[in-house]
Amino acid sequence: MAPRITIDNLAYRYFAAGNPVFVGLSLEIPPGTCCAVLGPTGAGKTTLLEILSGIAGSQCKTSVAEGIIQIGENQYEPIPKATLFPGVGLLLQDPDVQISGIRDTVAAEVEFTLEQLSISATDRQRRVRDILADLGLSPLSQRHPLGVSGGERQRIALASVLVASPSLLLLDEPANALDSRSQHLLKGILRSRKETTTIILTDYSIDFALGLADMFVVLAAGRLVFQGTSTDFFKALVSMQDLLPIEYWKLLQSRLPKTRVRIPL
Amino acid sequence: MQLRVPEKLAMTLCLLVTSLTAPPHLSLALVTLMLIARRAIPGLRPMDNPTARRFRTVLGFLLGGAIIMTFLNGVLIREGPILFQWAGISLYDGGIEFGVRTGSRLLLMTSALLILFGSTPLSGITTFLHQIGVPIQIVMTIHLTVHFVASMPSRIERIYSAQEARGAPLRAHSLSRMFSLMSILSPLILSSIVESIERGKALELRGYSSAPRRADDTVPFSSPYSILTICFLLLSIAALLLPWLLG
Amino acid sequence: MSSRIRHQFDRELDGAGLPFVAFCIALNLTVGQITAALKLPLYLDSVGTVLAAVLCGPLSAILAGALSNILAGAFGNPSMMFFVPVVIVIGAFSGYLAKRGWFRSWYLAAAGGVLQGVLAAAVSAPIAAFLFGGVMFAGTDVLVLYFRSVGNTLLQSVFYQGLSSDPVDKIVTYLLVYFICRNLPLRLLQRFHGGNNILASKTAQ
């Protein structure tokens, strides 16, 4: 079942003496929502996903955090201290890093995720076959995972995450370096999962998230600048001008749908 | 005859132990036998043409080197009677005998290892290791290493070109070139540290943990090939006793 | 494996440790490409092992060294496999020195390299002498033959040959690792189990 995500007054920094990454961040994402997290470089988008997946708490031992995070029925104060696999899946920005490199075929690579779950070999192979078919990767199942195109590697990385059937799916700039056909394919895959999965994706320029996300969140310097639907987002864009770096604000403004009036500076 | 990984490993161990204790003529006879077996037994044939070429190249190089070293040993190790004398150069029996013994040992060891790794894919060996309880981290490290080794030469070349373009003294005198080593190793290691952190994240996000895992299946003892494994292991023990058996 | 050793092993290879040890092994196997391109008369084939010792720990260094030689033997020169005990000693000794803080100053690192070189020569001499008769099919075989021709035993000859090259190689290796690790950012160092070996000196500065 898709979980509700609640972040209450999150403050986070990598070192006690370091600069804060988040300051008093509060956010609520309803179950089954696809939420796009936007923001300029350094806003904390990736860090937010890493905190929600548990990897930040697991690997960054010197970090200092405050606040409360609730994922479904589980509450963490302040942040999860271990990865929440298999309930939470995170697709990293670089598929070449996500693909482990320790298996020779696409099918074996995807199956590696399930080997960590102590599932029988028969069930593993069935789930791998199903997920490869869902993502249109069946013809590539015996190919080397790194010997395929960029878009196909992204889908292999996504398959390796989805095969564990996470109820919360986190995607870090999933449309990076994908051509328009692959982006369209990826949008279709994510739309088909919306009923059973809460999806949070980061996007630098809103292009991918438009037409997919039900909810938009804008971060800047670790603070929440906007939270709402896409319609509210475009209405609120003017008021965000002073809260975002000017180049980023202009980028968002340039992405306004053509039917709307462009707001002059 | 199809040989599985445990049989091949036991056979290789037997040959390695024999090479340490066998007299030179027995070692050379075993090398000849291995060369015939390599062609005759499907399980020992090279996996592909490059592997077969590598086998021929390495063995040929070793054979040539062994002949040269035997000659040099015969000249410089002045032990035992003189076997041959020409133009002031004397070949001593002790040196020749030492060279032949060492050369035959090296040839047998090398051909045993080359046949093992030339006929067995690495994934087969690592799967077997995992089945017998070798920690999963070691198996994964081997696979990741092979993955990194494939990409290292191009990464090094890119860094070398980049450093040369920014004026690093890569072709100056030896002290400058020594300092240039830092300008190549430092970015290589730094980028690899960052990549290692990301890969570590990716593995952990997919549920990999350092907790020990049980093997999914074990090599069945009732399989006939296991008898072959035991035979090779017993032969290894017999090989250790060879000096006493031969007197 | 005893539970204490297993626990230490798991901690050293946790997180970024495992991929980094794999990288260190790959570095050992390919560093010859760099020294050849720069035309330097050095091996540096244990730079990855020492790096693993400093950033991960002694058990990781032992693993890095052992697998380097095994894989080098499997895909290159099979005789490398027989020197696994030597690289295990190199890994364990580097890890011990790293824990004791010998990589926090350049002169201690250089001294560590000298000791490491002598130790490596001493451990490799019996293997090279008794298994290979001092013949490794390298240019240094001529040195062994020379030492034998002037009356030294085989073991002595191989040891003296090792002493002529190993300490220099290991000093350069240790100093390289010292200077590289010294310049690493804190946020990267703290991701590694052995990062504390360097962190303490950085925070003290």
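Chains here go by letter, A, B and C, matching the order in which they are written, and residues are numbered from 1 within each.
Here is the rule we use: a contact is a pair of C-beta atoms (placed from the backbone, for glycine too) under 8 Å apart; a residue touches a chain by one contact, two chains touch by 3 or more.
On a predicted model such as this, the values are computed, not experimentally measured, just so you know.
K.L.:
Using the touch definition from the top, list the chains contacting both subunit A and subunit B.
P.N.:
C
K.L.:
Suppose chain centres are the mean of their C-alpha atoms. Which chain sits farthest from subunit B?
P.N.:
Of all the other chains, the one whose centre lies farthest from subunit B is A.
K.L.:
Consider the two chain pairs B-C and A-C; indicate the one with the greater count of contacting C-beta pairs.
P.N.:
Between the two chain pairs, B-C has more contacting C-beta pairs.
K.L.:
Could you give the separation in Å between the centres of subunit A and subunit B, each centre being the mean of its C-alpha atoms?
P.N.:
45
K.L.:
Let me have the rounded angstrom distance from the C-alpha centre of subunit A over to the C-alpha centre of subunit C, please.
P.N.:
Each chain reduced to its C-alpha mean, subunit A and subunit C end up 41 Å apart.
K.L.:
Centroid from C-alpha atoms only, then distance subunit B to subunit C, rounded to Å. What do you get?
P.N.:
19
K.L.:
Give the residues of subunit C that touch two or more other chains, as numbers and ranges in rising order.
P.N.:
If we look for residues of subunit C contacting two or more partner chains, we find 15-16, 191.
K.L.:
Mind pulling the residue numbers of subunit A that touch at least two other chains?
P.N.:
Each of 58-59 in subunit A touches at least two other chains.
K.L.:
Please output the residue numbers of subunit B that touch at least 2 other chains, ranges allowed.
P.N.:
Where subunit B meets two or more other chains at a single residue, that happens at 140, 144, 147-148, 195, 197, 199-201, 203-204.
K.L.:
Which residues, counting only subunit C, touch subunit A once they are in their complex?
P.N.:
15-16, 186-187, 190-191
K.L.:
For the complex, which residues does subunit B have touching subunit C?
P.N.:
By the definition above, subunit B touches subunit C via 20, 58, 61-62, 65-66, 69, 72-73, 76-78, 98-99, 101-103, 105-106, 109-110, 113-114, 117, 122, 135, 137-138, 140-142, 144-149, 152-153, 156, 160, 170, 174, 177-178, 180-182, 184-186, 188-190, 192-197, 199-201, 203-204, 210-212.
K.L.:
Spell out the residues on subunit A that touch subunit C in their complex, using ranges where they run on.
P.N.:
14-15, 58-62
K.L.:
Across the complex, what residues on subunit C touch subunit B?
P.N.:
1, 6, 9-11, 13-23, 25-27, 29-30, 33-35, 37-40, 47, 51, 55, 63, 67, 71, 73-75, 77-79, 81-82, 131-135, 137, 141-142, 145-146, 148-149, 172, 176, 179-180, 183-184, 188, 191
K.L.:
Along subunit B, where are the residues that touch subunit A in the complex?
P.N.:
The touching residues are 123, 140, 143-144, 147-148, 195, 197-209, 216.
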